[in-house]
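Next come the structures, one after another.
In the two complexes below, chain A is the common chain; its partner is chain B in one and chain C in the other.
Here is the complex of A and B:
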């Protein structure tokens, strides 16, 4: 595998609020290769969105606090980066699509003004007019080129701004027409008919599906190396959901960027992702290629999750469900967080938190990882 | 390039304003006029404000220039506002009655010294407008910037948080006093006169804007679109001054226009109590005070001064109300489209009729 675009190592995030400390993420580690689509799946409150927000560091701190870990984007640790440099990474380094398309567009701006913001940021960074992480290369598949060194990533701002452009080998600052063309291009990319008309409209004049398309266009127009899609379809109704998912699937073929796709829908993840990470109570309990994880789960939680899928249940009778409920994140059980609900649980699970993600015994490729003492027994469970 | 279709087919562009690229002064003006047509009261307010402002500017600018060109003093007011004229006063029962009721010669009548009321009202107009705009403007700039800072960087435990705390407690201290009483106290200690009394009102006026701006910033900065802008790589300053500022502009501008009227009233009150401008300077509040004793014998004097305050305050209030609709993209689009469809249907149906 080529050098990973994103490498998350032992990321722990707490929410410190009046009622106590909530461990939203605990020792989460995973890697994303260039062009890979990684799905993160889990139930409400398991830390999916916290993970998605912690990577570009747009978590509200406080109440959130990043306890430990590393988030390496193209080899650069975002957690040690000084605060003022963070905006220089976002947009061109990491793009985001949010859950609520209704509120994610500024109501005071026309669509053109919304979209041109990211395009402008990227263009100015491309020509080195403003400091910032250079965008992923066309067509976003930067795996074809050598990785830029960390030191080159933050381009030093030119102290004398107006030198002859040719002498410096720089492109001139793009004009309005160029911006407009580019914005239209991205609107067409997300299959918007009549983009010229859309440009002058305000967000409230568009439907939810349209707005989510605009958000996708906006995120893509930064040509990010990593795109984080935080439940992009959850707020949409079911038919629009299908449309947006189809669009994203098509875009994945055209735009080969790495995508972190966060969802609570196992079906959506199966459809979209190459790799999948399953989260439970702030822990990443299983990580591996989608087919492997879905066909041969190696963590009892994944197994239970898959078993509860109504589509797979054919016989009469109640749908199998997991006893108990998700533990309170401020008072996680001793040992493995899942043991009170686990049928495999033994004494060792109550005492020892269990391994962090590790491959199966005897496996040659370290692709399918699980965090369970008895991962080999999961396969045999009903 | 982009403007070409507009010049070729102005009518088509008018029918479908969305076809034109974003922005554009002409589009803005056209939309503004459309909203005005759809909102008659805003229209009234706008026209009144325009007339009042232009008159004030003319009263200040024209006399010195015209005087220099013509070589003799020029007055735009029909009579000298400060020269008492007792020559034409009728004598009834050996008492000279100088306060004349409104007539063709003196539209608003004259006061007890025989001075033309219309001239005095007009002469006071530039001063009153200047007071209103300077006080409300300084309050908007000072209070608005403090509010932006206090609202945006209010994370506890940071430098910004401390600054924010200081700003807000200072605001609380100022707001703890009734602003009129505080203004009176400051004006009294600074000494009587136009400048000190303006300064006094200015010093008491900004805290309202801090509260308003801070509240709006806090409400807006937690919106998902601010996080989306942040995630897109927009810097913090640009987020504050573009993404957030544009969304709080509407309440600020509306409050400002309404406030212009309030300042005139407050300042009139200060003058009325006798701390504001000197007695001989025409100023509306001053005049109401001076003519108070004529209320029963020559009511037109008080009514003219009070009416001037009333009309000015009303004009700015009406404009402020309408600006709310114009600044909100939702209602603006609805208004422009409603106006556009009515004008288009009117234009297309008129030839048939």
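Here is the complex of A and C:
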């Protein structure tokens, strides 16, 4: 298998606040291959956004505290990087798309000024004029639609930026025209008609769907190795959401970047993701190819979540629903976090914190990772 | 046929926009937002009507009009045969005992400084003179019906989860034993597992108390489960009305088809291809002449852009109504056909973008 773009190992994050310590993430581990789209799905408060913010380390620390673990972006551990080096990874190493595009865009600047920022920084990093760290300096070749070859994925040790050579001089710095051309190209990439006019508008003059396209263009223009999309379509209407999802799917064909796609919507994840991770109370309880997980869930929580999605009429009887509620993250139950709501729960679940993600015993078709003692019995549940 | 509980005729609500001073001096005509623009509908006793639409379609405004929280620009609202369009004062207050509303935001609609018995009992106190003890007793009886423990009388809203707060709102609405409850996005702030609990509760209560619902939501799944009939709204107008199963399984209006095609389904095997309905939702200040969906409709012809279609029933389609000139021709167009490529077809053929 190709070298993973992102490797998260035993990541634990706590929020330390007056009322106590909340274990927002507990021993989360997973890998993302190059060009893969990994979906993270779960209910409110399960830690999926904390995960999305912990990877580029944009969590507010305090109250958040990263307890343990590793986040390897193309081999470079982001958690051991010193604070001042972190911004060197953002933009070109990791790009982000947030839920509310209106909050991500500065209302006082024109679209051009906001888009050109990423383009300029990437260009200057590429020629070594401003510091940038290795993962961003080795962008994938976006002209190719095929997956990057393993040989292209060789990881370079993080370099502390060298001072640019004198010989390059001022000529090496791209001029305004070049920036403008590139910004326009990215606007066309996200299918914006008449990009010339859009450049001079302010964010409030655009619709929600348009703003989210601008955010996608902005994130892609950094040519990041990893794109994190945190609920990118949750604030949009259904038909506009479908348009943005369609666009993102087309872009995935054109721009083979790896995407971590966070959403509470099982339907959206099913549309977009290659692999899916299901989170519950800070734990990653199941991880595997999206078809396997949806059709043969191996964790009782995943099964319950899929069944709770209403798709029936009143005459068909009551909706199946989970009893109980999500546990308080400062007082997680002993053993498996899901056991109080689980119909498979036995004594071992109450005592043993439960296996971490492990593949099925024996080679069944649904041999993906699940954190359950009785994962083989889940399939037979109603 | 039973008389309808609610009868809305040609209801309009236009919100005036602020105007530059110079325009006021010139007496230029004022721009208005046509939030609800000529809507007629009926709700039968004991019936749940689902109202689907995207944001800005005017569905919440319509709900507020029916609950008499907005004053309509024109049109009439009748409740049980009585015209309530222009009621004021005491007469309006007596209507409040028959029509209640559950708001979308369970945090913003509950006063953080009041206790549960005060919040839930407030509509009751407005209707009848009750002592504190009586009020507490009435509320205590009410709480179990929405699935809350009687012991929570003295708690504050912040001690409840999102689902618990929505149950409180529901209890407050039910306290005066209304005939109609307007549910404005009751589950949009909730997770799927909690949403299922609330929807089950709503359906059970409808049966137990013989309630009528006006369920306003963008969530098709909630409408599918709760509603008996469904009305689809687009840009201030109804585009389709009919029994829920028939509309969702065989939509007539191109917008309904587009909406259903756009729904993400949690089945990776049925992954969709390119979605064909393009364009943004137009503004409600200067709505386009003709059919309001024409600009985005893949089936629009010139006629659609010039003349607005009226909501009419189709021959042989029972009690369904649709506002589309070409409805008869498009009967057999399935929502999936608004996608460029059916599931399972080879991706290479159509997936290449317009680059």
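One rule holds for everything that comes next: the second predicted complex is superposed on the first by the 335 of 382 C-alpha atoms of A that agree within 3 Å, B and C clash if a C-alpha of one lies under 4 Å from a C-alpha of the other, contacts with A are read in each partner's own complex, and residues count from 1 in each chain.
Keep in mind that, in the parts below, a residue touches a chain if its C-beta (ideal position, glycine included) is under 8 Å from a C-beta of that chain, and two chains touch if they have at least 3 such contacts.
Model, not experiment: these values are computed from the prediction.
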Partners on chain A (chain B, chain C) - clash or fit: fit
Touching partner for A:104 - first (chain B), second (chain C), both, neither: first
Apex chain A: angle to the C-alpha centres of chain B and chain C, given in degrees as a multiple of 10: 80
Contacts of A:310 with chain B and chain C, given as first, second, both or neither: second
First, second, both or neither for A:9, with chain B first and chain C second: neither
Which of chain B and chain C A:92 touches, first, second, both or neither: first
First, second, both or neither for A:270, with chain B first and chain C second: second
Partner chain in contact with A:246 - chain B first, chain C second, else both or neither: second
First (chain B), second (chain C), both or neither touched by A:62: first
First, second, both or neither for A:21, with chain B first and chain C second: neither
Overlay on shared chain A, then closest C-alpha pair between chain B and chain C (Å): 8
Of all residues in chain B, those that touch chain A in their complex: 1-2, 17-22, 155-156, 223-225, 227-236, 243, 246-247, 249, 329-330, 333
Footprint of chain A on chain C - complex, ascending: 54-55, 161-163, 191-197, 199-200, 203-204, 218, 220-222, 224-226, 228, 244-245, 258-259, 261-269, 271-272, 274-275, 277-278, 280-281, 351-355
Touching residues (chain side chain A, partner chain C) in the complex: 43-44, 189, 191, 207, 209-210, 237-243, 245-246, 249-250, 253-254, 264-271, 290-291, 294-295, 304-306, 308-314, 318-322, 325
For the chain A and chain B complex, residues of the former touching the latter: 56, 58, 62, 87-96, 98, 100, 103-110, 112-113, 117-118, 121, 132, 176-177, 180, 196-197, 199-202, 204-205, 215, 218-219, 222
